[in-house]
Amino acid sequence: STEIVWWHSMQGALGDWVNDIAEDFNKSQNEYVVRPVFKGTYDEAMTSAIAAFRAGQAPHILQVFEVGTATMMASKGVAVPVSQVMTEAGYTFDPGAYIPAVSGYYTAPSGEMMSFPFNSSTTVTWFNLDALEKAGVPTDNLPTTWPQIRAAAQKLKDSGHACPMTTAWQGWTQLESFSTWHNTELATQGNGMNGPNARLVVNSPLHVRHIDNLADMSKNGLFVYKGRGSAPSASFESGECAISFNSSAAYAGIAKNAKFKFAVSPLPYYPDVEGAPQNTVIGGASLWVMSGKDDQDYKGVGTFFNYLSDPQVQSNNHKRTGYLPVTLESFKLTEDSGFYKDNPGTDVSVNQMIRKTTDKSRGIRLGNYVQIRAIEDEELEQVWAGKKTAKQALDAITERGNVLLERFDAAANR
Amino acid sequence: MEKKPWIDVLSHIVLCVGILIVASPIYMALIASTHTAQAMAQWPIPLTPGSHLLQNYADALNGSGSGQSMAVGRMMWVSLVTALGIAIGKIIISLMSAFALVYFNFRFKTLVFWGIFVTLMLPVEVRIVPTFEVVANLGMLNSYAGLTIPLIASATATFLFRQFFKTIPNEIVEAAKMDGAGPIRFLIHILIPLSATSIAALFVIQFIYGWNQYLWPLLISTNEDMYPVVVGIKRMIPAGDAQTEWNIIMATAILAMTPPLLVVMFMQKWFVKGLVESDK
Amino acid sequence: MTLKTQITFQSRWLPWALIAPQGLVVLVFFFWPAGQALMQSFQQTDAFGITTEWVGLENFRILLSDPSYWHSFRVTAIFSLLVAGLGLGLSLLLAVFADRIVRAAMVYRTLLIWPYAVAPAVAGVLWLFLFSPTVGVVARLLSSIGIEWNSLLNSAHAMTLIVVASVWKQISYNFLFFLAGLQSIPKSLTEAAILDGAGPWRRFWSIQFPLLSPVTFFLLVINIVYAFFDTFGIIDATTQGGPGKDTAILVYKVYFDGFKAMDLGSSAAQSVILMVLVIGLTAIQFKYVEKRVNY
Amino acid sequence: MSAIEFVHVNKIYGDRARPAFQAIHDFNATIKPSELVVIVGPSGCGKSTLLRMVAGLESISEGQVIINGHVVNDLDPSRRNIAMVFQNYALYPHMSVKANMAYALKIAGMKQSEIDLRVQEAASILGLNEMLERKPRELSGGQRQRVAMGRAIVRQPAAFLFDEPLSNLDAKLRVHTRLEIQKLHRRLAVTMLFVTHDQIEAMTLADRMIVMNGGRIEQFDTPEVVYNRPATMFVAGFIGSPAMNLLHHVPGIPQGKVLGIRPEHVTLQPSDFDPDVQRFSGLRAMVETIELLGAERLVHARLGDEPLVIRLDAAAPPPVIGDSVRIQIATHLIHWFDAASGLRIEP
Amino acid sequence: MSAIEFVHVNKIYGDRARPAFQAIHDFNATIKPSELVVIVGPSGCGKSTLLRMVAGLESISEGQVIINGHVVNDLDPSRRNIAMVFQNYALYPHMSVKANMAYALKIAGMKQSEIDLRVQEAASILGLNEMLERKPRELSGGQRQRVAMGRAIVRQPAAFLFDEPLSNLDAKLRVHTRLEIQKLHRRLAVTMLFVTHDQIEAMTLADRMIVMNGGRIEQFDTPEVVYNRPATMFVAGFIGSPAMNLLHHVPGIPQGKVLGIRPEHVTLQPSDFDPDVQRFSGLRAMVETIELLGAERLVHARLGDEPLVIRLDAAAPPPVIGDSVRIQIATHLIHWFDAASGLRIEP
C-alpha cells in the first residue's frame, strides 16, 4: 500500500486526535496508509518542511498555520492546489461547501483553493459566568460591545476580581480579527488577499481608538496583559481572568480544566462603527499538498482529503477539539445532533464566520507574517507597559511591518 | 587551619540556600508529577507530594495521557543510542585527531589546528538549514548516523584531549618507543588508558549534550520512530489551544532527565577529576 | 616552567589518517554548510529557495539600519555580562564555601550538579512553570511579598527571568570547575597566608582568586559563548524576546528570523556578524589567556 | 628572640573516617631564646605536626605550647608572631618577589615607606635586590628558597619555623643554603626551629637537636653529644652516615646487650698492634662490596650474619672483595645499648 | 654485553624557533663490553643528549654511534636492543608492575610463558615478587625505581642506559639503590651507561667515568685516576666533596699556575713539624664557619681573598671561629694546573 506522510504540529491531546484520524482512515480502506509525523510547533514544522523540500525530501502533506499561508502561496511550485489534487484523484471538490471565510482564505487570487482547511479556528470571547454573576453582571445577556465589556470589567474589578479581562493572541484578536469584525482594512490589497504588494494600514483612527481603549483599560486594571500567543489561556482556565479573548479551539482545555461555568460569545465591537460586526478571521491551520510526488501518492492524498471532507468526520472533529466545522453540512449535522444545545455557545464561532465576507474581511494573508506578528507583540507590549501611546505603537507596526512586506513583495516579483 | 566556626556555619548556610535555589525547579517538577492535572491548573498549586505519582508516570510511560501513540520507551532508546553515539563517536574521532595534533609534526598542522578550532564557535542551530541539506543529500535522514555524526563535528573534545596529552611526560613516550611501541600501540596501550579520566569527563559532557538535543533530531527525523525523548516532552507541552497537563509533562520531564542525571551522579568522581587534570 | 619540546612520532601518512575522520566530519558538516550560510547572507531568497537573488551587502545594510538590531546588541551585552558575571560569581561563592567544608563537600557537589543534566528545552519549561502567571510558585511568591512580578511588561523583570534561568542552567558547570580549581591550590599557600595574618576575606581576594584566574578566564570564555549562543531555547520558552524587544539577544533574533520566520538571508547575515564578533572576541581573549595563564 | 616551650603536648589526629591516631606523645622541651634547634627524625615521626602546632596551623590536643611565656594554644596563627618557611616555599606565584615579602606587612597595616625599608633590608641580606620585580616562576630553586626566607625575615618574628626548607634543592645548593641559614641565624640571633630528616643537615646547623621517633623525643642535646653519646639505639642508627654498626651477635658481647661501633672506628687487618688500646680482636669479616667516596672508602662486609660497614682512608690499601679480613674494634669507642629498651648503657 | 663506540659524534639542536645550539662537540669514546661507565657533569653539559643518542631517541647530527660493531645511527630505538631507565622512571601508571615489565616483551611477540619466566626472574633479582600486581602509584620511590630497572632487565638488552635514575630518591635510599645497581651490574655483566650529576654516585659506581663539560669530554678514566689525577681544573673542582681547593694567589705559586689541594690534605696548626715532608707553610687562614659532619669537621676559612675548606677529624680539637690559624699543605699532594688552559701540569 502507498504511504502518505503527513507532517503536523498537533501537541498534547490534539496529537492523539491526529493519530486517531489517521488510524480511522487507514482502517477505512487498505490502499493507502497515512503516517502522521509530529514535527514540532507550527514554525518548527514549516522550517523542517522548507529544509526537506530543498533537499527533495518533503512530506506529502504539511500542516501549515494560517500565518504561513502567504509564504506558501507565494512559493510557486511548492504546493499542488488541493482542488487539483482532489479532482485528479477523481473526487468532486466543491469550495462552496465550505464556510465562506474558510474557503475564501485558502483560495488564491487565481480562484483555486490551495490548501485543505483542516483545523480552522476563529477568535471568540470567553466568559467566566460564575465570576460575572458574583460581580453582578447579568449572565443571560452577555456583553457584546466594547462599552459593555468595559462596564462588565469595571464591575468585575469592583467585586475584587484581580484580572477582569485578558486576551490571548493579541495581534490576531485585537488587530486582525478586530479589523475584519469592523470591516476595516488591516492592510491594503484586501489584507494581502489580492497579492503580495499589500501594505499595513493598521494605524487607522479606528485601530488607534481601540488600542487606546485597551491601554486605558489596562491602566485602570480592567485589562491585564498575560503574555503572547496562547499563554494567557491558563489564566482563564484557572479562574484568574474572567473575560478572555481567545481562539475558539481553546474549548478543549477550558472544558477540561475550568471549575466554573463558562460561556463563549462573539468578539465585542464598537456599535458606532459602520459595518460592524462583519466576520472574524480564520486561525488554525490547513493541509498543504507538497509538489513532486507520484500520481499514485496524490491519489492517496485525495482519498484522504475526501475522507476528511466527510461531514460526519468533520462534525466529530469539531466536537472533539473546538475547531470549526469547516463545511456548512457538518455544521448542520452537529446542530442536528443536539451538541450545541448540550454545550451552549459552541456554535458561536461558526455563526460569526458564516456571514458572506467582504473584500476587507476575507482574511489576512501577509508575507513575513511571523515577523509581523512578532512586531505586533513587541509594539503592543510597549503600549501596555505605558512606554508608547497607541498611535506611536501602531505607527511603528505599520512602518516596521511594511519594510518586511516590501521585501516579501520584491522576492515574490522576482 | 584557623578556628573560625562561624565561617563554617555560614558555609553550610550558603550552600544549603544555594542547593535550595538550584534544586527547587526540579523539586517542583517532582511535586507536579505526583498530582492530577486539575490540581496543577489552579492556584494554589500543591507544594507537597500528591498521590498520583504512579499513575502519572504510568501515563507518561505508556502514553495513556497526552500523546497516546508515543512510546516513551522507544524514545528513551533513541535518546540513549543518540547520546552514546555522539559521546563515543566524538571521543573516538577527537582522540585520534588530538593524538595526531600532539604527537606528529606534519605540513599544514597549524592550518588543520585552526580549521578544527573554529568549529567551537558556530552552533548547529545557526547553520541548520544548510546542514540539513547536506545530511539529506547524503541520505542520512531518519538514521542514527544523521542524528549523531553532524553533531560530533565540533572540537570541544579535541581540545580537551590536546590539553591533557600535553601534560603527559615525554619520558613515557620515550619509554614506549624503547619498548618497541609504534604510534598506534602507544595510542591504544598507553595514551587511551592514561586519558581515562578525561574520557570520562568528556563522556559525561557529550552524553548530556547528545541526550538533550531537540531541534536537530526534530528536523532530521521524519519518522516518529526516530524521535528522542526530549522531542516527546516538547510535544506534550501543548501549544495553541490544547490543555496543559503539567503533571504528565513534569513526569515525562523527570523521566527524561533521569538518565543524564544518573550518568552525572555515577561518573561525577571521574568527571571532576577529568576536569581538574585537563585544566592544569 | 621550561619550554617543553614535545616528543613526536614519525610518519608521513598516519597523522593524516588520524585526522581524517574528524577532518571529514568537520568539512562536510561544518565548513560546507557554513559556506552556504555565508553565501546566503549575500542573497535574498524566498523561503523555499525557489527564487534567489544576489543582493550583495543589502541584507547587512537593512540589518544595520534597523535600530532594533542595534538595540539587540545592547541587550546582548547586558545579558551576557549578567549571565557571565552572576553565573561566575554565584558559582564561585558556592565553590569557595564548598571548598572550606571538607567533609560534606561530596554531598553538596552531588546536589549542585543537577541542573547540568537538564535539557535547555526542559529547563525552559521548568522556569516557565515556576514563573507562570497563574500557577507559578515564584511569580506568586514574589507578588505575595509585595513585588508585583510582571515579566510580561516589565523589562527588568523579564531580563531577570532569562538571566536567572540561564545562570541556573550554567551554575553547576562553573561550580565544578571552580571547586576543582580551588582544590588544586596548594594548601601550603593558604597556610602561608594565614601565618602572614590574612583573614579569610583577604585571603580569598589576594591569594585564591588571583590563583584561580586561569580557571576563571576559561569559564569566562565558556560562559560568554554560552550566553551568546546557547540561551535562545530558554528565551524562546520564557519571554520570546519581550516585552518589546528587551530580551531579544542577537542569537535569539538569528534563531527567530532564521528558524521561525524563515527569513534566511537576514538570518544568515546575522550569523555572519555574530560569528565575526565572537571570533574577534575569542581571539582577543585567547591572546590574553596565553599571556596570563601560565603561572 | 623568644623561648618556645612544649609542656606535655599531645596531638591526636582523627576524624570520622579514620580512627584516632596519636602523632605526638607527651612532648616536653624548651627551646631557649635565640637558639637554633633542629628537629630530625624519620618520615612520619611527627616533625611537621610539631612545627604546625607551634605555628597554629594545627590544634593542640593536650598540653601547652608556650611562646615567650604566653600559652598560645588558642591564639590565632597570625597573632603568634611567628614566621614559617615551607618545604615547597609556598610563594604566592602571582606576586612579585617584593610583593611576596611585603604581603604580611601590608596586611599588618604598616606604612608603605616602612615596608619598602624592611623589604630592601631583607633583600640585601639575602642578595635578592636584583630580582625584586620577578615572579617566583622566574627564579631558580635556590632563589625561591631565599625569597621564602625573606618573606619570613621582613616580619621580624619572634621565631622562625622551617619545615624541610632545603629538601627541594640539589645537593650542592643545599650545602650552600645550609651555610646561609647558619649565617642568618648568627646575624639575626632569632629563635629557630628547623625540621629535616637529613641528619647531616641537622648536625651542621643545630645548636641543639631533637631526635624524634614515633612522636616521641629520643634525645635532645647538642650535635656533639648526640653523635658521640647517642641516648638510644635509634639515635645511634639514625645519626651518622654511614650509620653506626649495631652488632648483636659478636662473640664476647654480653647477653641482652648490643654493641655499637661507628664505621670509622673499625680497623682492618691491623699490622701494628697497639697493646695500649684494649680491643675486640680476632674477629673476621667477609668483604662484600667496596665503595670509593674520594677521600675514603666504604667497605661493606658481613660479620657472621650481621652487616658491618668499615670506613677506610682512601690512601690505605683496600681489601679484596670476597676475602675474609681480620678486624679490630677499639673498646673505648664502643657504645653499649640495652637490647630490650634500646637505651644507652653508660660503661 | 656490547661495546658502545662514539666516533666524532656531534649534536646540534635547532628548529625554526630557536637558533642552532651545539650540545655535543666531537665526542669520541669507547665503552668496553660489560663495562659500567658513568657520565658525570654539571647540568646542561649534554649527558642526557649523549644517552638519548645511544638510545635512538635523539638523532645524531654528525659522526657515528656504534653498538656491537654496527652503526646504529639510523636504527629504530626499539631495534637497538638497548634498555633505558629514566629519571622519573616513566612507568606506565595504568599498568601493574608485572604489565610494565612485560610490555616490551609482549610487543616483541614473545610467548606468554617465556614472558612470565623472565618477569619472575627479574622480580626475584630485584625483590619485587610481592608487588607484581600493584600499580606504580602504590609503590614507594625506591620500589618504583626497581620496577624501572626490572623493565630494563627483562629485555636482556645489550646495554643499559640510566639517566639520573637515583635523583628522585632520598639520601638513604640512594645509597642503598646505588649498591643494588652495583650488584646488578656484577651479576648481569652487561654494558651500562649511567648518567648522573652527583659525583659521589659516579665515583662509587663507575668502572670508568666520563667527566663532561659543555658538550666535551674533560676526562675519561677510572674513578681513582679521576680523583687522584684530575686532568683539568674543571674535573678537580667537580669531583670530590667538599671540592678541591683551587688557589690562585698563594704566595710562592708560580705565575700562570693554579694550586689544587683537597680539603683533607690541608693541615692545621701543625704542632709536630715533619721535616721529611716538604710543605707550604707559614700560611695563615681566617676561620669563618665550622660544620660538624659526625666523624669529621669542615672548617670554612679564607686564605687571603680565596676560600679554603679544611677537613679535620672530628676527634681533633676544632679551631675557634674568627681566629686566624696557621695551615700547612703537603707538597706531594698538590695538584698543579695551567691557569689559562685549565689542564693538569704533571710535575
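Chains: A, B, C, D and E, in written order; residue numbering restarts at 1 for each.
In this text, contacts are C-beta pairs under 8 Å (C-beta built on N, C-alpha and C of every residue); 3 or more make two chains touch, one makes a residue touch a chain.
Chain labels with UniProt names: B = sn-glycerol-3-phosphate transport system permease protein UgpE; C = sn-glycerol-3-phosphate transport system permease protein UgpA; D, E = sn-glycerol-3-phosphate ABC transporter ATP-binding protein UgpC.
For clarity, every value in this text was computed on a predicted model and none was experimentally measured.
Visitor: Can you give the shortest number of steps from chain A to chain E, where adjacent chains in the path must touch?
Guide: So the least number of steps between the two chains is 2.
Visitor: Please state whether B-E or B-C has more C-beta contact pairs across its interface.
Guide: Counting C-beta pairs in contact, B-C comes out ahead.
Visitor: Of the other chains, whose C-alpha centre is the longest way from the centre of chain D?
Guide: With centres defined by C-alpha atoms, farthest from chain D sits A.
Visitor: Round to the nearest whole Å and give the separation of the Cα centres of chain C and chain D.
Guide: 55
Visitor: So, what's the distance in Å between the C-alpha centres of chain C and chain A?
Guide: The answer is 37 Å.
Visitor: Measure off the straight-line distance from the CA centroid of chain D to the CA centroid of chain E, and report it in whole Å.
Guide: A distance of 27 Å separates the two centres.
Visitor: Using mean CA coordinates as chain centres, what's the gap between chain A and chain B in Å?
Guide: Distance between chain centres, rounded to whole Å: 38 Å.
Visitor: Going by the touch rule set out above, which residues of chain D reach two or more other chains?
Guide: 56-57, 77-78
Visitor: Going by the touch rule set out above, which residues of chain A reach two or more other chains?
Guide: Those would be 44, 47, 50, 54, 229, 234, 237-238, 240.
Visitor: Which positions in chain B touch two or more other chains at once?
Guide: If we look for residues of chain B contacting two or more partner chains, we find 1-2, 41-43, 128-129, 133, 174, 177, 215, 234, 237.
Visitor: Would you mind writing out the residues of chain C in touch with chain B in their complex?
Guide: 4-12, 14-16, 18-19, 21-23, 25-26, 28-34, 36-37, 40, 90, 93-94, 97-98, 100-101, 104, 108-123, 125-127, 129-130, 134-135, 137, 140, 168, 171-172, 176-177, 179-181, 183-184, 190-191, 194, 200, 214-215, 218, 225, 229-230, 232-233, 251, 254-255, 258-259, 264, 267, 271, 274-275, 278-279, 282
Visitor: How about chain C: which of its residues touch chain A in the complex?
Guide: 44-51, 53, 62, 66, 68, 132-135, 152-155, 240-245, 256-257, 259-263
Visitor: Can you list the residues on chain D that touch chain E in the complex?
Guide: Going by the criterion above, the answer is residues 170-171, 175, 178-179, 182-183, 197-200, 203-204, 223-224, 227, 239-242, 262, 264, 289, 291-295, 300, 311, 314.
Visitor: Within their complex, state which residues of chain B touch chain A.
Guide: It is residues 37-38, 41-43, 66-70, 128-129, 132-133, 136-137, 141, 215, 218-219, 222-224, 227, 231, 234-245 of chain B that touch chain A.
Visitor: Flag every residue of chain B that touches chain C in the complex, lowest number first.
Guide: My answer: residues 1-2, 4, 7-8, 10-12, 14-15, 18-19, 21-26, 28-29, 32, 40-45, 47, 92-94, 96-97, 99-106, 112, 115-116, 118-123, 125-131, 133-135, 138, 149-150, 152-155, 158, 166, 170, 173-174, 177, 182-184, 186, 208, 211-212, 214-215, 230, 233-234, 237, 246, 249-250, 253, 256-257, 260-261, 263-265, 268, 271-272, 275-276, 279-280.
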